[in-house]
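After this come two complexes, each holding chain A, first together with chain B and then together with chain C.
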Partner chain A sequence: MNRVMSNKWIIGMYILPAFLLISIFIFIPLLLSGYYGLMDWDGIGAMKYIGMENYFNAIQDGLFWQSAFHSFMLALFSAVSLIVYLAISLVLASKIKGSNLLRKIYLIPMLLSSVAIAQLWIKVFNPSNGILNSILVSLGVDNPPAWLAEPAVVLYAIFIPILWQYAGFYILIYYAALKNIPESIVEAARIDGATPFQIAFKIKLPLIMGVVKVTIVLAVVGSLKYFDLIYVMTGGGPNGASEVMASYMYKLAFSSNDFGYGSAIGFLLLIITLIVTVVVRKVTASKEELQY
Partner chain B sequence: MKRVGYMLLYVCLIVVAVFQVFPVLWLFLFSLKNNQEIFSKSPFSLPSEFRWENYLKVWDSGIGSYFWNSVWITGVAIVFTVLLASMAAFAITRMQWKGSKLVLGLFMVGLMIPIHSSIIPLFNMFLNVNMIDNPWSIVITYTAYNLPITLMILLGFYYTLPREIEEAAIMDGCSVHRIFFKIIFPMTIPVISTTVIINMIYNWNEFVFVNTFISSDEYKTLTVGIQNFIGQYMTDWGAIGATLIISMLPILLAFLFFSNKVVEGISSSAVKG
Partner chain C sequence: MSKKKAVTIFFAIFSSLLLISGCSGSDGVSGSGEKTIEFMHLWPEGSSKQHNEIVKEIVADFEADNPDVKVKLEVLSNEQYKDKIKVLSTSNELPDVGMTWAAGYLEPYVDGKKFAPLDDLLEGDLKDSFVSGIPEAYEIEGSTYGLPLELNMATVFYNKKIFEENGLEAPKTYEEFQDAVETLAKNGVAPIALGNKDRWTGSLWYMYFADRIGGGDVLTNAINRSSSFTDPALVSAAEEVQNLVDKDAFVKGFNGLSDEEAKSMFMNEQAAMYLIATWDLPNYTTNEDVPQEFRDSVGYFPFPTVDGKGETNSYVGGPGVGLFVAEDSDVKEEAKDFTAFFVKEWGEKSVTEAGVIPATKVDAASLDLPDMYVDVLDDLNNASNITLFADVQMNADVAQTHLDMIQSLFGKEVTPEEFAEKHEEALSK
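On to the complex of A and B.
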């Protein structure tokens, strides 16, 4: 048995195809990105080594910091909205009729492509024929904003479809975690006279804290690298008002042909994501995980 | 009092549900209207007649070809991903070798990385081997980037398969390949169907790789194709609506028939986000 199942050739045959693919197409490009960041390069001609210049430029680049600020705002909004999803899941998981159907309905936006969502919400936000302003006007708002065209509003306007897209995903995860809590624990608390609120906050929430922490990391990291929907909806505009790190990087490389600088920003995006992951994990870490 | 509170919570849940589906329903409504109706009537009004010709018009003027590109690229990438991830899961969970933990760790890390940190070198790589504007660059990229998540979903199932299966098979003189292809792989069909659906959603909806690597119209997939297409039809809302509904339909149909698989897959893909 052991001899057959530890034959090196056969192991190689089974693991190498997948391993080589992720090495060549995921990990080597990551390292190369850091390396290309050291170059002055237009993507076509020869590369010229310029040391850390691109990285120093990035640190002094106001547009980069502005886009980073927008990415972090999205991360903040996404993380805070988790509280709402948690509340919805608590209600949903408390033996409500139709909860299975409801959570599937919540999931629908998650199944759509970011391009389709972006195009749909461009229409929703349309100043004269979109549903949003139609509702606002019928509610008596005189001059509803032109959402995507106003620099002061656009960033928060595009957060709405992003949250809309992912709400069902987090509700689904919380719901599954809550359903995993053994009924006997909740029953015991109820017999001891705990109110539904006490059961929710003193028993259920602490028991799913592990899952909540994972979702915080997911929401924050997912937000920092967010791209598709913003790129399609506004292209980072008007005038950089909705630019995020990934869209700024993409623009530098594939519109301005500044591949060296774009690579440097791409590599910084990786570093920032890694640091934030570690920090969020540390901040939310507790000494002992609760068990049931 | 308790009943009132319960009703109130229920109403909240239904409001959220309406918020989640209403934009899509509205899209479907205006995909059946013409511009005259859209601009002169309330956006909530029903179409005066169902203008299915909007769908025929956009299908014939290019969306059809984007659609078939999406179908074959999604399909071929799924076959590669599921086969290679199954083989890797088999090697990692069933065979004994040093370094299996390390390799597994690398796949885990692969779940977390932002694709924008790798896309420039990837673009350059394909440029150097003359594979820019070649749909196979997309197939390979989808396969590589979906391997980690597919492997994660498969692993849980592989760990639960009893060891006695291989022990008995080896006693009978079965080769490793026969064990994998004839015994283990068929046993994992339930979890494979989950990974197929998850891969289908990811591949069908992917945008950045196609937008970056493909420039010819003939190779574009739906997500990128509709982007260009809508550019041309900027003012024809009915055509835009029909295009978007066509692009959403395959996934929504899959969801209608296999919603439990989708739910299962998305829950277990929580690590990806």
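On to the complex of A and C.
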């Protein structure tokens, strides 16, 4: 078997199917969208080469930067909410009653499709019949906001289901990582007289730092390219108040019939996400991995 | 060892082959002289049951008449249909016959030479069968590229029961309309259901104000650039919209509600009025899924005159979807025959079986139709003008600006002047 695995041809053969799939569905379309970004194209008729014009326009497009700002806000909120998920997992991983059941409950949103979640939250946010405003009114709030209709609140209202949707995923990851910490280390700390807080912050957290870093990258990148709930719940409206980069790209390509410009925005989205990923990795990189 | 190697190689080749074979296309003409017409439409069984069944009947009739031609159906819902047709057209795989919208939507497809001109059908088989002026919406540079199926006009549907309870009558002038709105709002009833997340819904209101204040062609002229969008009538129409918003005329949070949600508020008697086009007519006449009691309590009135200006028989509306034939179809002649056949049969069946108004002339006297349907048909026949939906008239890019501006106007994020200027800017680009 060793001889098989050292044969370059065999290695190539093993890689080939996955490589072909990834090329056809990811790398080639990526390059193509960069190329379409150089065109004046309505997606139907003939293409016309216009050089970097779409890219220059995008850089000066206030709406694009507004939607980019919204995407970054989402990334910030997702990253900060990781702290809450971590706290929940720390509680769940310590032996409390019913942690098994709670873990499953937290995971439920992950099992629903995005469109189902969107429909659910549209009902929750309904300004006159929704559960949220009904509760607010019964608590004595006079004029509760129309959550998805007011530009000042719509973005934050829509963050709630997005964060809720992925909470279970991160809690599960942290939970698994925490469960991987050898009991003997925690035991030793306890014998040395460490308080539960000290155990959490000085022992457990440093040990799962690698996982935490990965989740930060996942949360940030996932937020930057986020699309589905926003598309279904508000379509980016009212008037762009909840538009993110991906929904703006979709709108340009499919509603405004400007495939060239949409492709350029898509390519910029890729570049921005790449840069941010590199930056996040640089910032969270530590000089030495902890060893106990 | 070599056996294992062989297996590995076999699998690698097999999976690559699977990939490649997945990419090959299929063709319209099959072997034995039998021809297949691919037909894509947007009435799925779930949401448009009656439409869906009529299509099946027409296809069955056509296949019975033409034994050597088969029609292959593909059904998608509205938004998915729009996306798919665009992707198919990019890869030159359009179905032989499909559905399209008029004017601005049609333009890029005609420019890209994707649709076949259908003038010969209009001159021949279908001569004089359309309501006059309706196929023109599908005309670009002298040729017609689509045959309309539906004809719609927007009217205000209202709940007679709620109106009675509040001592109101169907308003004829805008003053009476405002009174009705104020009375309803005062009595804690939401006056108007509006789902402005979809934005074209708000556009209907704006278009009617423009029509009443500035006349039937003021908006059309601004769009086709024979006049400017900063026309005082178009600005004051925008003002009237905001006045109405100030009076709490529309349901709470309308900018975040979809048209479906607004419709369900009207149908659950949570709002007294609802401005929508006549494609909704079956819900208030023949649709058995809607309680009889509610259907009986719904009436309609044409949009009132504003400050004595405008005519109530000038409408916002126009054709809905129409049929196109693909330019590079392998079975173009058969596809054209099918299109003509479809339009004719649709004209009869859609009236009696679906209760919608077709784009072809209807002989109302010989059919047993609901009263409201007959009234609407009368209004339509006496219409002095039908202004085509603004977002259909405009090309896709300008339409987006218009729709976004409508949402901002209703949300009071722009002034009427800014509203007009943004339109002017987008139109003159």
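Criterion: the second predicted complex is superposed on the first by the 273 of 292 C-alpha atoms of A that agree within 3 Å, B and C clash if a C-alpha of one lies under 4 Å from a C-alpha of the other, contacts with A are read in each partner's own complex, and residues count from 1 in each chain.
Going forward, a residue touches a chain if its C-beta (ideal position, glycine included) is under 8 Å from a C-beta of that chain, and two chains touch if they have at least 3 such contacts.
Source: prediction; values computed, not measured.
In the three-chain model built by superposing on chain A, chain B clashes with chain C. Once chain A of one complex is fitted onto chain A of the other, the partner contacts of A:Leu148 are limited to chain C, with no touch recorded for chain B. With both structures placed on the common chain, the touch criterion links A:Gln198 to neither chain B nor chain C. In the superposed model, A:Leu92 makes contact with chain B only, not with chain C.
When both complexes are overlaid on chain A, the residue A:Ser113 reaches chain B alone and has no touch with chain C. Once the two complexes are overlaid on the shared chain, A:Ile131 sits against chain B while remaining clear of chain C. In the superposition on chain A, A:Asn239 makes contact with chain C only, while chain B stays out of contact range.
More residues of chain A are in touch with B than with the other of chain B and chain C.
In the superposition on chain A, A:Asn257 makes contact with chain C only, not with chain B. Of the two partner chains placed by the overlay, neither chain B nor chain C lies in contact with A:Thr284. After overlaying the two complexes on the shared chain, residue contacts for A:Leu21 are found with chain B and with chain C alike. For the superposition on chain A, the stretches of chain C under consideration are 55-63, 73-81 or 307-315; the one running into chain B is 73-81.
Overlap of the chain B and chain C contact sets on chain A: residues 4, 10, 13-14, 17, 21, 24, 43, 129, 254.
Across the interface of their complex, chain C is touched by residues 3-4, 10, 13-14, 16-17, 20-21, 24, 42-46, 122, 125-129, 146-151, 154, 234-235, 237-240, 251, 254-258 of chain A.
The touching residues of chain C, when paired with chain A in their complex, are 1, 4-5, 8-9, 11-12, 15-16, 19, 82-83, 86, 89-90, 108-109, 111-114, 190, 196-197, 199, 251-257, 261, 265, 270, 395-397, 400, 404-405, 407-408, 411, 413. Contact residues on chain B toward chain A in their complex (touch as defined above): 9-10, 12-14, 16-17, 19-24, 26-27, 30, 38-39, 42-44, 84-85, 87-88, 90-92, 94-97, 100, 103, 106-107, 110, 112-125, 140-141, 143-145, 147-148, 151, 166-167, 170, 176-177, 180, 201, 204-208, 212, 222-224, 226-227, 230, 237, 240-241, 244, 247-248, 251-252, 255, 259, 262-263, 266-267, 270-271, 273. The residues of chain A lying in touch with chain B in their complex are 1-2, 4-8, 10-11, 13-15, 17-19, 21-30, 32-33, 36, 43, 88, 91-92, 96, 102-116, 119-121, 123-124, 129-131, 134, 164, 167-169, 172-173, 176, 214-215, 218-219, 221-222, 224-225, 227-228, 232, 245-246, 249-250, 253-254, 259, 262-263, 266-267, 269-270, 273, 277.
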